[in-house]
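Listed next: structures, encoded as structure tokens.
In the two assemblies presented below, chain A is common to both, partnered first by chain B and then by chain C.
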Partner chain A sequence: MSAAALTTRPPDPALLAWLGQAGEPPTSADEPAWLAELRHDAAARAPDQGMPTQKSEGWRYTGLSALIEQGFKPQQKPISALQSEDLDKALIDGLETYRLVMVNGQFEPRLSQLDGLPTGVHIGGLAELIAQDPDRLAGQLGQIAGAGQHLFTSLNTANFADGLVMLLDEQVQLDRPVELLHLSIGLDEPSVAQPRHLVVLAAGAQAELIERYLSFDQAPYCNNAVVEIRLAERAQLHHYRLQQESPSAYHLSGLYLEQAAASRYRGINIGLGATWSRTDLVTRFLAEQADCGLQGLYLAGDRQLIDYHMDVQHQVPHCSSRENFKGILHGKGRAVFDGRVYVARDAQHTDAAMSNRNLILSPNAEVDTKPQLEIYADDVKCSHGTTVGQLEPEMLFYLRSRGISAPLAQRMLCLGFAGEIIDALGPEPLREQVTEAVGQRLEQSPL
Partner chain B sequence: MLSVKGLKAKVGDKDILKGLDLEVGPGEVHAIMGPNGSGKSTFAHVLSGREGYEVTAGSVDFNGQDLLGLEPEERAQLGLFLAFQYPVELPGVNNTYFLKSAVNAIRKARGDDELDAVSFLRLMKERLKVLHLNDSLLKRPVNFGFSGGEKKRNEIFQMAMLEPKLAILDETDSGLDIDALRIVAAGVNALRGPERSMLVVTHYQRLLDYIKPDYVHVLAQGRIIRSGGKELALELEEKGYSWITDGEAA
Partner chain C sequence: MSAATEYDHLVRSEYEHGFVTEIESDTLPPGLDEQVVAAISKRKGEPDWMTDWRLSAYGKWLNMPTPEWAAVQHAPIDFQDISYYSAPKKKEGPKSLDEVDPVLLETYQKLGIPIEEQMALAGIAVDAVFDSVSVATTFRDKLAEAGVIFCSISEAIKDYPELVRKHLGTVVPPTDNFYAGLNSAVFTDGTFVYVPKHTRCPMELSTYFRINTAKTGQFERTLIIADEGSYVSYLEGCTAPQRDDNQLHAAVVELIALEGAEIKYSTVQNWYPGDANGKGGIYNFVTKRGDCRGARSKISWTQVETGSAITWKYPSCILRGDDSVGEFYSVAVTKGRQQADTGTKMIHLGRNTRSTIVSKGISAQHGQQSYRGLVRIAGKAEGARNHTQCDSLLIGDTCAAHTFPYIEVKNPSAKMEHEATTSKISEDQLFYCRSRGLSEEDAVSMIVNGFCKEVFNELPMEFAVEAQKLLSISLEGAVG
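Coming up: the complex of A and B.
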């Protein structure tokens, strides 16, 4: 029996459902040939990749049975029940953005705000662009993710309906952040949305991208999102990702990043929502002096699993990467951190550091943290550190001796711990929103 | 105000306080002196409700309330304040936010309205001046990276903000330079009043030149073994503790 056979199993009915009844993706006749081929290849690959089992290293602590049991099905029709009043609830006060809104995986131009974009910038819906200019994205879309880390990327490639396309010409700088807002509304039939996004910054371009996931109700649904990002020479992207799905949601997200010489990426991942979530952050350096920072904050409580997997590939010399994730676990919350940094033999002068620190507030909470440094070059600067600890009784006493109640003292210390990551979110309204959300979560949930 | 009777406390199976008696009246300032390891900080911690100490006998009455049955925050809300010998660093917890939470928690417990941002800021500015504290410290995390002296001054600043009824100052003078000592003492003196009592733990007579105590006590081996007026501190400065403790042991 091959190794693959041990760690995956044949596609089951749930998987087939995701792929469409016949196991063939829903290609429309209008789609260009390159896209049909992309989808076809992905669909063909999916059964080989198979449904991961907990025997495979990357899924050891993240069981898929709950996800499979939900029997999510691809969505049939776009939903347009959402009104602009509903949208107001989802917006962040004081945050001025170019906004692209997706509702259950479909671009919603009515709710989006893309007026006044400077020249040299294209921001819009994926399906729309493919319809208008069928070959514009040929050779780009799907190329960064490739086969992806696992089956779910292939499922997205085979089935995606829509998403964001953000293309910046050389040297262009955006005057406002771009906001990619995913709104989900529960349907009678539990459904899966598979948004697909492509962000390409040409040489020297600079932008901020805010990617948010929100729900309007408590019905179960699944998001299986894939984001592909390519940064050309000296391009810079600040990317803020806020996963605030409802407590019954399932969330899969794959970020595939390719960085050319001297490009700079800063990703701040905030994971607060969903009952089950898995995020893969995959970085590949194409040339020297590229710099990638991946930061994150996750907060997992009762009936919650939050999983972050990283794969940072140093294949070329003189690049630097930082992974800095912090977690707060309470109730029966569970989290998984797997930070992998691979340094190839030729990647001399790599500078890589990885850190994962966790605060466990309850004896029933659990985190499985695994820093992996695989180094084959001999002249590198690499470090890693992980900690799992509790709130310091001394600090709690200090606060309480000032009249502050024990629960508030705990919250203040947790927010203090999380502050380092929250402060890295550029726009102030975003920092305030996340601080408030974390504070509220800690206030409402049993510690 | 404060009445401590026959207080015994231990840590693990080590007896530290061994029958401590102390009466503090309103507006009085009591100095507590005593050799290293005699139990001064332990006494301060037991009064403020720190975990890890087991009270095995005695009672503590604070304005008619049994202090020992209360949580630390309830004691603070009743007007007890401890200036720590070793103030704790709170990484990531902003000093201003911390102070505002503390002031308002105490006001709320007393039935007063919470201070709004403007009045809080005004109060803070006013109290800062008295302690000659740089207001950049307010934007930093509580005590984090503060110098030893800054930490001590920050304790007294907190006291000025919280306006306690009984303040326990545990070696607030240690680690302060001469100018800082004067400033801190002036800050403490500014808070003296007929309704505010203080327990000043110190090793040095010098502090008592600035903060003039009404009474001086010697705490040794877990008990108050000698009490007197200001002159007792001078005598201790001159002769050390052995002339009392030896007599005690004999």
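Coming up: the complex of A and C.
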């Protein structure tokens, strides 16, 4: 919508400062020309995109003032204090993965575990790869996201320092999931990390990717991550994204997905942490028979805002997409869901369904949901559904009558509600970890 | 489908009600400033407070931005190129039908709404609006017996100033939006209804609007007040002559339901939609809002929208009173180059308030249609309940249908459901009907009527028949 463009104002100098925008982009002399150009274009675009305000359609329920007030600064030095013992508490028992660890947005090879990768697979740090093979990612990195949905993607493009690169050759199948672990440690000066990830699966390749965001302490910081994913013909990716940051963290993330013919993407987004979080999921189909599934579960409690934005673009015929998001709101929690399915004139035989269901458990919680369909083709099957409600008193009564305490009964019902999404997480240890985390949250929080 | 071209010529059937009545109009020259606002007020013989109200609305309107968020496209409107007042010339106000200009009566007959017949047969009181001034008001005496006031708003301003002054602009304030502000400054006429306490209005009230005189924007203002425990059903139907210039229609409708009162407001809108290329046609930018002020009050909107080049309309309910009920039933058809951005707002403020939204959109040829709705459940709206269903039917591969629902819930005891689907008429359904010997056109008409049944069921009998006929005519052959 053009409304967004009309109602933005020029970027706030204070905000640009903390995002490293005021000075020169951190182009080092040894960066290849294509990358310098990419950064330059993004930096030039940022002022036009402008700082969103609540008058911009995409941000009407998501205020930015709390984020701006924090005055986050770009981070200068890499963190090296973390030892491998510290890592243990971040790991999930029984989960065997190829692991790439990022600490405050910097790849940390010491903590990563990438041994035994099969041939035809490249997994490693972004900065490292650019240094070794400067032109390998030209024409890939930055192309899927393009200008992005808003200012923050451009700021990431202009300023990112490091991230994950995951490249799979044709027909390669990974025997274990890849785990991308973001660890954040609060610094004396509240800082922002802007990791940038690129995942490219060649024809017929298959992989599982686990993307986790964790905090090591309670100090405020901000993550502004961008993930670009390109799936070639018949490629398949299962992508599990777990945002479990501390209650003082700020989380921004943009996922840009491009799917070729008959490719399949399954994304599961779990949002439990951060005081303020905003996730944009943008998907685009390049050819027929591609299939995209986005699922999500969010839990927003005291003074938490969790915002999921989705933009599913059907530009070609015969593709299908499913979006299924569920939310539990308690305390003073707030959630925003804004999903848009766009079906272009030529995208006949599109099959798209969007669903957003919310449980409100407290009188101070709030949910704002906006599932939109924009359809220009006639031979399509599109639907969306939204519900907001509380737990059925009959169900609670039944459990109470069986001798189960009220809080436990409530927890059981909430877990049952969330179960549909949690069950879609592939690796069993991951499912257990999320079930436990959700259960704990419900137990601790006043409902 | 191969039959597409055949259908195309059928769907291009000329607008049935397209003709212009030659009647001398008393029209202000185009343009808008304070003098024009004051002149309108003076010409209508309004008291000073009304003139001041208009002027203050005009002052505020000057500072309002034109809304640009709707998913419709049109050339910018030159508000100085519109004549803001047009009244059929007459020597004195007619006291009975005999005194009404026979040309006018003939116009109504051409439209198929012979006033006398309707008076006699249907028992409907018709307050026919010809351009901007009420020409004939019928059954006034019978209504007066029941204590119901049913008159034009200009009469009401003169005869019942306390009622008008107390309620005008309380539901849709002049600052509400650009077009409501404009309307507040320049509205020329409209309808006023007051139903006294514990009274059931003895008949369905009805107004037929017609826009005549090219380049005359029609700014209607309707105010309906249902006092405690009363009931009224109001029917609004529209047709307009075929003209080349875009005509702006920016009406404001305010409904007020006090404790235990019920207002049922039905609309069939069939204004000139423009020709096959989208030239001409009415811009229908309407603000309609009902305020369920008292406990257990109910406001129900039903609309069938088949006309207008651009429709921009969101009949809304503010559910202020506890246990109040809001309903919105809508069928909207866009074909040719028509654009419609329509929907509703249900604002739940009171406890145990309930609302139902059923919206059916049918889009054919190059029609563009959006459902835009807001359901807001405030923190204090304990036990609020909403069910929303919006379905779109697409006919042809060049039309479009969009759904933009906004849902804001701040109360845990609220129950809110929204569902929407978009599809075309299924081949199976068509095949089944065809195999039973129905022509494709009849089959489509049947299926579409079935698709809209939930809404038609809500229309008063007289309108339901008209609406079904209108829908069939609108969609004749637009299917392939």
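Just so it is clear, the second predicted complex is superposed on the first by the 436 of 447 C-alpha atoms of A that agree within 3 Å, B and C clash if a C-alpha of one lies under 4 Å from a C-alpha of the other, contacts with A are read in each partner's own complex, and residues count from 1 in each chain.
What we mean here is this: contacts are C-beta pairs under 8 Å (C-beta built on N, C-alpha and C of every residue); 3 or more make two chains touch, one makes a residue touch a chain.
Computed from a prediction, not measured in an experiment: that's the story for all the values here.
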> So, on chain A, is it clash or fit between chain B and chain C?
Replying inline: fit
> Which partner does A:Ile360 reach: the first (chain B), the second (chain C), both, or neither?
Replying inline: second
> Which partner does A:Gly327 contact after superposing on A: first (chain B), second (chain C), both, neither?
Replying inline: neither
> More residues of chain A in touch with chain C or with chain B?
Replying inline: C
> So, does A:Glu394 touch the first partner chain B, the second partner chain C, both, or neither?
Replying inline: first
> In the superposed arrangement, does A:Gly273 touch chain B (first), chain C (second), both or neither?
Replying inline: neither
>> According to the stated criteria, A:Asp379 is in contact with first (chain B), second (chain C), both, or neither; which is it?
In response: second
> Touch check for A:Pro220: first (chain B), second (chain C), both, or neither?
Replying inline: neither
> After superposition on the shared chain, which partner residues are touched by A:Leu415: those of chain B (first), chain C (second), both, or neither?
Replying inline: first
> Which partner does A:Arg402 reach: the first (chain B), the second (chain C), both, or neither?
Replying inline: first
> Least CA distance chain B-chain C after superposition, rounded to whole Å?
Replying inline: 15
> If you lay the two complexes on top of each other, which residues of chain A touch chain B in one and chain C in the other?
Replying inline: none
>> For the complex, give me every residue of chain A touching chain C.
In response: 1-3, 6, 57, 61, 345, 348, 358, 360-390
> Which bits of chain A are touching chain B when the two form their complex?
Replying inline: 392-395, 397-406, 408-409, 412-413, 415-420
>> Under the definition above, what is the set of chain B residues touching chain A in their complex?
In response: 48-52, 71-73, 75-77, 81-82, 84, 87-88, 90-93, 97-98, 101-102, 105-106, 109, 141, 158, 162
> Contact residues on chain C for chain A in the complex?
Replying inline: 68-69, 71, 377, 379, 392, 394-424
